[in-house]
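What follows is a set of structures for review.
Note that chain A is present in both complexes that follow, paired respectively with chain B and with chain C.
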Partner chain A sequence: MSAGHSHRLYRHGDTVVHRLPAHTKLLALVLFVLTVVATPREQYWAFGAYLVLLAAVAVAAAVPVGFIAGRMVVELPFVAFALLLPFIAHGPRTEFLGLTVSQTGLLGAWNILAKATLGVIASILLAATTEPRELLTGLRRLRVPALLVEISSFMVRYADVVTDEMRRMRIARESRGFQASHLGHMRVLARSAGALFIRSYERGERVHLAMLARGYTGVMPMTEDRPIPRTAWLAAAAVPLLALVIATTAWSLA
Partner chain B sequence: MSSVPSLEVRGLAYAYPDGHQALFGIDLTVARGERVAVLGPNGAGKTTLVLHLNGILGGGLGTVTAAGVQVVKDQLSEVRRRVGIVFQDPDDQLFMPTVRDDVAFGPANFGVRGAELDARVSRALDQVGMSAYADRPPHHLSFGQRRRVAVATVLATEPEILILDEPSSNLDPASRRELADVLRSLDVTILMVTHDLPYALELCDRSVVLSDGVIVADGPTRELLCDEDLMRAHRLELPFGFEPRLAGLSVG
Partner chain C sequence: MHVPDGFLDAPTSLATGALAATTLTVAIRRVRDQHEEKAAPLAGLTAAFVFAVQMINFPVGIGTSGHLLGGALAAILVGPWTAILCMSVVLLVQALLFADGGLTALGTNITLMGVVTVLVGWGVARLVLRVLPRRPASAVPASFVAALVSVPAAALGFVGLYAIGGAADLSLGALAVSMVGWHLLIGLGEAVITAATVSAVIAVRPDLVFAARGLQPALELRGPGAPRRGPGALLPAPVAAPPASPRGSVRPVLLIGGAVALLLAGVVSVFASSSPDGLEHVAGEKGFLETARAHLLADLPLADYGKVGGIPVGLAGILGVVVTITIGWLLLRLVARRRTRPVAEPARSAERV
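This part shows the complex of A and B:
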């Protein structure tokens, strides 16, 4: 079984950010990211302002910097790509940190880095303050097609089961003296992956049978829905609204 | 007591689409309130039989009638309300994000809503002693707890007959005893499919032996377990040191 009590992206707490209904936070995240993406990249100060905004949310949610930083490694592939841009892009050259690089490339790299980083931090804050199942309820309330929500819900439920199965298969391999050390061992790993796929597929069939046995007819029964107080919407709207103010100022200065 | 049996199986035969014949004419009647064990070695057709009892499998010969309702296509919803199956692996049965949602899934499918749904969920969790875990995700529970929640998901639909597929498998002795206490406390007909012979003796007065797709014996559990030739002929071996003549009887 998984060791943690909750999902490892989630940080338990009882702050105003934790208490907001998931769908208001989801909507706020999407609007915030769209606003950030629409901000002209030359207005450097605006991105600093966004960062301050997110820092304020982090403080309100009692999420420490280290927690966020550790989960930002997911951004690394983008960073690698962004770092290449100044060297491979065309156009006029400029001096930067003693290197001759492309001016548009440098600006492009900054654009990707700044916007991606802000988006990743905002998403980490959402995940840190919202449990996966609440996110699913939020998606449903936002009228995301039921089938997609169900698929995500199964993914959340069975991620641990499948990971655990994978771990047991690895232990069984290694207990019989197998260590993946060179490319030839890919054959073994590929077969393990295939076996895992088949096991998961068969589990899917058994889950479906168990659902049928309890009267499932192809539609998930809706369970209760509480009305959302207007104050919750207002609180969640604060972040994207402030971001919008920053963005419009940036546009008028551009 | 009503005279309508909880379960009536007549001449049930079934072959899988690949041609493998699993059942060769099963006759079985279970009266209301009875607890019956279906004993049989691996591959005897136990799970195939179970899947016929609520119409997941069908299309072979013979009839199944559950609580007076015949298992046919246009009555499946009615049948599944009356026949509750607890599958062997609780991870197959518990697929919702929380225990509460999972227990609510069955009754909600049958149209129960609102306060009545909440009452059903808390009653079912109460019956298996898992009320304190309603808001937990199922994968954070121990195996024994998950098995008991799986029983609750079925109890919430208020079935007339509860069918359990290998209920004691993978349980440690304490969880095994806790589950037995839960099952004994329920006021429903129970059909328990197992090769755990002491467990069958502990919980069920009557047993049937299923072997190679036919029922070869039907009688009081203790008598069947004491019939060494019968047991040996159908690969049903008692655990080391287990003495069915004495087990469970108070001394003196």
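This part shows the complex of A and C:
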């Protein structure tokens, strides 16, 4: 419940990547992904180069391949869409693996698969090497509105609490023999959801009162605001800069 | 429905990012005015609730299950501006911690799932509430319709964005039909669970449901010591009888709404049918028609409806609007019939002043 717990998505470590300040990593990630998205899709080698770059970061951060692969399942729905594209897009046809498919559809599918995969891997690397709490202070340093960051921090802190309450309700339902199998059962699920909302909202009110009791004035105090050494910025900038070099080469070749 | 990186091109991603940022700025200002220093914990816990409730899987049809988007639900429970903040925060955290939805596509995701669903849901709920009797329970049918409309609206928004910055030249008509058709089904599940959730909250704490605020009947004193109603009572007598039937004032709203919906269906269908024949043409030419249809349109009754029956997609859209309005009207009639109350109400409506 308190911020001391590390998230299950975070991989504890003490590497160069872990030690970098969160906001430098965030900025690097956004710039990197933006560069990847802007790369022309016909330059196939460029995406391989990006992958090598990410692999280097993963090695430096000591994040194993299995960990990244296991978390890449979030990408699956859009992979399905991408695999469908060559068949449903129009335009000139071409032969691919013995199938007649649309040329632009094939390119589009490759485009989505390559860019989405790179984006997902990069995001996983960030989440694996940065604690959620630090990520939020990083957002604050990047001038994201204070209210938004505060709401996010409450959400991150209480997501597990609320999810656990939901899990307990599910266990209670299932231990009484309930299993959602047809539409009529939605009522039961919805009652749980309603109860969950009331519990969450009332918890929010209690949290607010507790904060007032501790002298909350409407703004969270900023702790630990020491200057960032220039070397940290340089280290964080390395990845997007290299990506920019790859992208400009790709553009000039295109 | 979390759009990943690279799905839309960079200019579109940046544009939707700017749009999302602007909306968020407005929402932050509104929420701060509304809740003051209470905003952060309440919105944060609501965001955690939305995050958790998105994990509840409900059966959609045979063997498949869907999960809640929660935009309309949040709008009705905590109001549109707080809901926009909550949804955006959920999407932000999902993108940052769970790699669910791309970072460059964050603006797109916030626009579609955080802003479109919330604003469409809220607007629809307000419209429906205007027709229904003024009492908290009216928020239940309102949330049903709101959730039902909000999901296909987001899907349509996705198709629009794809038309602007999509990676491959798909047949937009087919994409629109398949997305909206599929999301109509998902929207039905979302509607059922949203309405039931709102109903469960109203049963316990009607004061927590934002959309139902101001719908509670005013408190009245009862018992021997209570002031008697009537000409000499403390309570002001009603100046005039409340409108005998609210339908008189409601009809223009319904008519205008229906006209707008039909117009939208027309516009959307024109936009949608700008190139639907491309796919069929090429596919037919290449002897590919069956595969394409089996892949994209097979499980969509609407698609078959619009194409095989020889009815253009536009007409199908207008037909859909007409059918929806008819069903909605019948539902409203059913609900309205239930409020057959004696005319002991004038005092109640006067107290509300």
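Side notes on the structure shown:
In this section, the second predicted complex is superposed on the first by the 249 of 254 C-alpha atoms of A that agree within 3 Å, B and C clash if a C-alpha of one lies under 4 Å from a C-alpha of the other, contacts with A are read in each partner's own complex, and residues count from 1 in each chain.
Following the convention adopted for this analysis, a contact is a pair of C-beta atoms (placed from the backbone, for glycine too) under 8 Å apart; a residue touches a chain by one contact, two chains touch by 3 or more.
Just so you know, these numbers come straight off a predicted model, no measurement behind them.
In the superposition on chain A, A:153 contacts both chain B and chain C. In the overlay built on the shared chain, the residue A:78 is in contact with chain C alone; chain B does not reach it. In the overlay built on the shared chain, the residue A:191 is in contact with chain C alone; chain B does not reach it.
Looking at the shared chain after the overlay, A:215 reaches chain B, while chain C stays out of its contact range. Of the two partner chains, both chain B and chain C are touched by A:203. Looking at the shared chain after the overlay, A:89 reaches chain C, while chain B stays out of its contact range. In the superposition on chain A, contact of A:111 is made with chain C only, not with chain B. Look at A:42: by the touch rule set out above, it reaches neither chain B nor chain C. Judged by the number of chain A residues each one touches, C leads among chain B and chain C.
By the document's definition of touching, neither partner reaches A:174: not chain B, not chain C.
Overlaid on A, the two complexes show chain B and chain C touching the same residues of chain A, namely 132, 153-154, 156-158, 161, 203, 207, 211-212, 216-217. Looking at the complex, you find that chain B touches chain A at residues 51, 54, 56, 77, 80-81, 84-85, 87, 89, 91-93, 95-98, 101, 104-106, 108-110, 114, 117, 137-140, 153-154, 157.
If you check the complex, the residues on chain A that touch chain C are 7, 9, 29-30, 33-34, 36-38, 41, 71-72, 74-75, 77-78, 84-85, 87-91, 93, 100, 102, 104-105, 107-109, 111-112, 114-116, 118-120, 123-124, 126-127, 132, 135, 145, 147-148, 150-159, 161-163, 165-166, 180-183, 185-187, 189-198, 200-201, 203-205, 207-208, 211-212, 216-218, 220. Within the complex formed with chain B, the residues of chain A that make contact are 1-2, 5, 132-133, 136, 153-154, 156-158, 160-161, 203, 206-207, 209-217, 221-224. Considering their complex, residues 1-7, 9-10, 13, 24-25, 28, 31-32, 36-49, 51-53, 55-59, 68, 77, 85-86, 88-90, 92-93, 95-100, 102-104, 166-171, 174, 189, 192-201, 203-205, 208, 278-279, 281-283, 286, 288, 291-292, 295-296 of chain C touch chain A.
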